[in-house]
Amino acid sequence: MNLRAALLLTLLGLPAVLLLAFGPRGAHDVPADRVVLRYWEKWTGVESVPMERIVERFNRTVGADEGIWVEYIAVSNVEKRTLIATAGGDPPDIAGLFDKIIPQFADQGALLPLDQLAVEHEIDLAGLRPIWLEICRYDGRLYALPSTPYTIGLYYNRRLFREAGLDPDQPPRTIAAFDECVRRLTRRDDGGAITQLGFTTSPGMLGWWHWVWPMFFDAQLWDGQRYRLDTPRARAAYDWIAARRDELGRPQLLRFEATAGAIEGMQNPFLAERLAMVFQGPWMSNWIASYAPELDYGVAPFPSVTAERRNVFASSDVFVIPRGARHPREALRFLRYLMRQDVLEELCRLQCKVSPFREPRPDFFAGHPNPDIAVFEQMADSPHAFGYPAMPMFAEVNTELLHLLENVIRGTLPPGQAVTASQQHVDAIVQRYQDMARRREAAP
Amino acid sequence: MSRTRGSLLTGLLWTAPWWLGFLLWLALPLGLSLYISFCDYPLLRPPVFVGAKNYTDLAADPLFARVIANTFLYALLAIPLGTVVAVLLAILLNQPVRGQSIYRACIFVPTIVPLVAVAVVWMWLLNPEFGLVNSALALVGLPGPLWLESPRWAMLALVFVSLWLVGSPVVIYLAGLQDIPLTLYEAARIDGASPLRQFWHVTLPGLSPVILFNVIIGVIASWQVFALPYVMWRTQRGPGNSVYFYTMYLYDNAFQFLKMGYASAMAWVQFLIILALTGLVFRLSRRHVHYRGS
Amino acid sequence: MRTRTALLTHVLLVAVAAAFVLPLVWMVCVSLKPPGEVLANPPRFLPRQPEVDAYREVFRSEHFDFLLYARNTLLIAVLSLVGMLLSSAIAAYGFARMNFPGRRLLFGICLATMMIPFPVIMVPTYMIFKELGWIGTFLPLWVPAWFGSAFNIFLLRQFFRGIPIELEEAARIDGCSQWGCFWRIILPLSKPALAVVALFHTLAVWNDLVGPLIYLAHQEQFTLALGLQFLQSKSGDTPWNQLMAAATLIVLPVIVLFLLAQRTFIRGIATTGIKG
């Protein structure tokens, strides 16, 4: 045996054998006398801790009484995994998904409708704020229950506001006032390059909600038949984005956006005080607390085109019971436990989200990691809070909307033309889906 | 014909591991996918037969045309560049110098780095402001592009990353180089051939079958590019769909838009395209590939 | 002249190697930074004060159990590797030496299967494994390997065809069976080629994400690649230093393997005769 082989054996072979022989083994024990409930959830790592704790408590108390054992299974890519498992006839009993997926799954009959079942199992829904139930409905029926809801607000840097001669206690309420803030909060170096930016809608910096901007111009996007981009209000939003780009300079903006880092990425430009305002959810206070505790910031609702109508984007993580789940009854018992105000609010608080209840208990605010959580709560109260469009083909439409935003941001097309072109593509997507639904109806 | 056993039975017996596996794990899914390509199939409901509709829809789908164009462009950039770089690297790594195994490891190791890490590392390298690539360009007085955020450069950025991941072909080329008989070089030297001529008349012909092999693997791989753009671009398709590739669109159709019928039609078209391209490469290569002993 | 060329080669090699390794150095640097510094904008290359907390986390945290995931990955790799080598070699021998009717067609189909895009057969495949009751076990991840893979069969067939057939003929005259020829002559002669197949297969298992994602049900079963995905947060608060630490640890054994065995691998590939 030569030296290399000997080294190879000692450095790799031996550890491998030792690891196989004595390495840790995944222990997996469930009590024999209980019904095992498989609960798939997207939260992993530190994020999963609050829910794991709740599951553990349920298993110890209510679960023990009712003979139910909930198994918390963290699943990455949970929508896809749930989709494949449901298609394969082997779904979990409960899945924690995102609200935007409800119409798509519900329209394919993949989710158990919960209206009747909730009543039968005495799950109290009356205490929930209506917007959160509305988000869980599709076509008039309830297909999910809210787990950790959130509204998205405007985080603004108070220090930069003061520096720009703006009153940090008067965040902008209208788009016009907002534009003025953006103008004054944007700074350049001698060469004209942007060193500090007021705000951006660039999907490269914030990849999540690129479809949302027309809503702040009071647009009605989905009317049940058509996704309408070509209304004056929706057009106004894209004209607004294009006008801001023209005003601040497209090449300079693109360069800044390509360099300053993404908001959910490794280099967060808001924390680095290079971006003065961002559109984000309540959890961002966690990042600020960990990485930029000195940051002087405030939170306000995102401005709308008028001061009177307060448009608020509301969204939620949700619980669903997939069709074909083996233990729907037990799943509902567990849901009933989860929907108790003390339990659910504990989860929402630890996840740094808002409470889904009309009247959150005082300790919800007291112990909440986000000091501005009340602002997010109030936003959810707005009569003009809106969620994702309740359309089953939204995933595909959304990709076209991303394309539209990019066209407007880069100026590939004038905003008017870009909207018209995207309207045609969106219509075709919707049309194809409706044709497919019709063929499905006609099929034996 | 006494040299080989002629019986069908023994032949089938020996090749049984493969064809049993094929029948067990592949034949059924493949047959199903062919059938499904003629159906509406939203995964969560049973398929509904629609004839050739998915195929005719594909022909009229502008995004489908776009991903085909992107995929071809990527293949046209990445395969030739990758081949040149890999062959040159292999020649360099084949020089008899000390510590060669360390150099070889340096080139090979990037191929095994988890993709998430690859993506993060390259997002940093290609940052237009403080990334090392643009800093290096600035040193020689060139203005650096925006790379990932530029519709024009995003594709090239991806090609760069693919060059960094060139380790496996390099290893195969290294093997090919070691297989070229030294006598051929000696003969060339006696004839007074310069190193360049030796490369041209000995190395390249000797390496040509390996190049063919790698090009074919490259063609197949380029039509299956998928994970890297997904993790490198926040929009998962790059600015203006510039790095949106065939398999990515197929995957989106299947698991995001729940159009499995459409995705299956795409898969069969893809299969035919790869088959045709491979055939084309073989045909084109016939005159340039030199098999020893023939 | 000689020394000058050698020097030039060295300089070139160092430059090229440095260019290839630099991104990896950065990866390691991130793994040695505290979380706050990772997020610094603009980022610094070297950590101010290197610390190994991220590595400690990766070994000890209840959300990422490096040793457990490594053991799972290894288990799958070993179980599948044995079958992969054996079955690919047997089938390759059949394609290389048997001259039965339909061989060309069968081999053509075998090669064509390399070109199948995986997403479309994913759901039917899942259903098959579900019918077998294998979901949530390691079985779907290693049993199919016992039926060979087209790429490896192709590689080995090329190699076997390069072995002079006279060896086998002599053995057969001495009364050796076909299986005996394969087992006692072909396999021992094919060690380098088998090493290559083993390397490529192990790397594929090491990096496979889709299989474990779809078929495994519990966190105790996770492989390294899948566990790594779990370090990425859903709400943007990913512990990058831990992610990079885990990535570094995943890469490390392969570096050692390659450093020590590259000569064998390259010789192995050289003799597989990809030349057709």
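Which chain is which? They are A, B and C, in the order written, and residues in each are numbered from 1.
Convention: a contact is a pair of C-beta atoms (placed from the backbone, for glycine too) under 8 Å apart; a residue touches a chain by one contact, two chains touch by 3 or more.
Since the structure is predicted, the reported quantities are computational estimates derived from the model, not experimental observations.
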{"item": "Topology of the chain contact graph, where touching chains are joined (line, ring, star, complete, other)", "value": "complete"}
{"item": "Chain pair with the higher count of C-beta pairs in contact (B-C, A-C)", "value": "B-C"}
{"item": "Distance from the mean Cα position of chain C to that of chain A, given in whole angstrom", "value": "36"}
{"item": "CA centroid of chain B to CA centroid of chain C, Å", "value": "17"}
{"item": "Residues of chain C touching at least two other chains", "value": "42-43, 122-123, 229, 232, 240, 263"}
{"item": "Junction residues of chain A - those touching two or more other chains", "value": "84, 87, 264-266"}
{"item": "Sites on chain B at which at least two other chains make contact", "value": "43, 120, 124, 129-130, 255"}
{"item": "Residue ranges of chain A touching chain B (in the complex, touch as defined)", "value": "80, 83-84, 86-87, 104-105, 108-110, 203-205, 207, 254-255, 257-259, 262, 264-266, 323, 393, 395-396, 399, 402-403, 406-407, 410, 412, 425, 432, 436, 439-440, 443"}
{"item": "Residues on chain B engaged by chain A in the complex (per definition of touch)", "value": "40, 42-45, 48, 50, 57, 62, 120, 123-124, 127-130, 146-151, 234-235, 237, 239-241, 252, 255-258"}
{"item": "Of all residues in chain B, those that touch chain C in their complex", "value": "1, 3-22, 24-26, 28-30, 32-33, 36, 43, 89, 92-93, 95, 97, 100-114, 116-118, 120-122, 124-125, 129-130, 132, 164, 171-172, 174-176, 178-179, 209-210, 212-213, 220, 223-224, 227, 247, 250-251, 254-255, 260, 263-264, 267, 270-271, 274-275, 278, 291-292"}
{"item": "Complex interface listing, chain C residues touching chain B", "value": "6, 9-10, 12-14, 16-18, 20-24, 26-27, 30, 42-43, 86-88, 90-91, 93-95, 97-103, 106, 109-110, 112-117, 119-125, 128, 144, 146-148, 150, 153, 165, 169, 178, 203, 206-207, 209, 225, 228-229, 232, 240, 243-244, 247, 250-251, 254-255, 258-259, 262-263, 265-276"}
{"item": "Touch list for chain A against partner chain C, complex", "value": "4, 7-8, 11-12, 16, 19-20, 23-28, 38, 42-48, 73-74, 76-77, 81, 84-85, 87-90, 260-261, 263-269, 271-272, 274, 281, 283, 286-287, 290-291"}
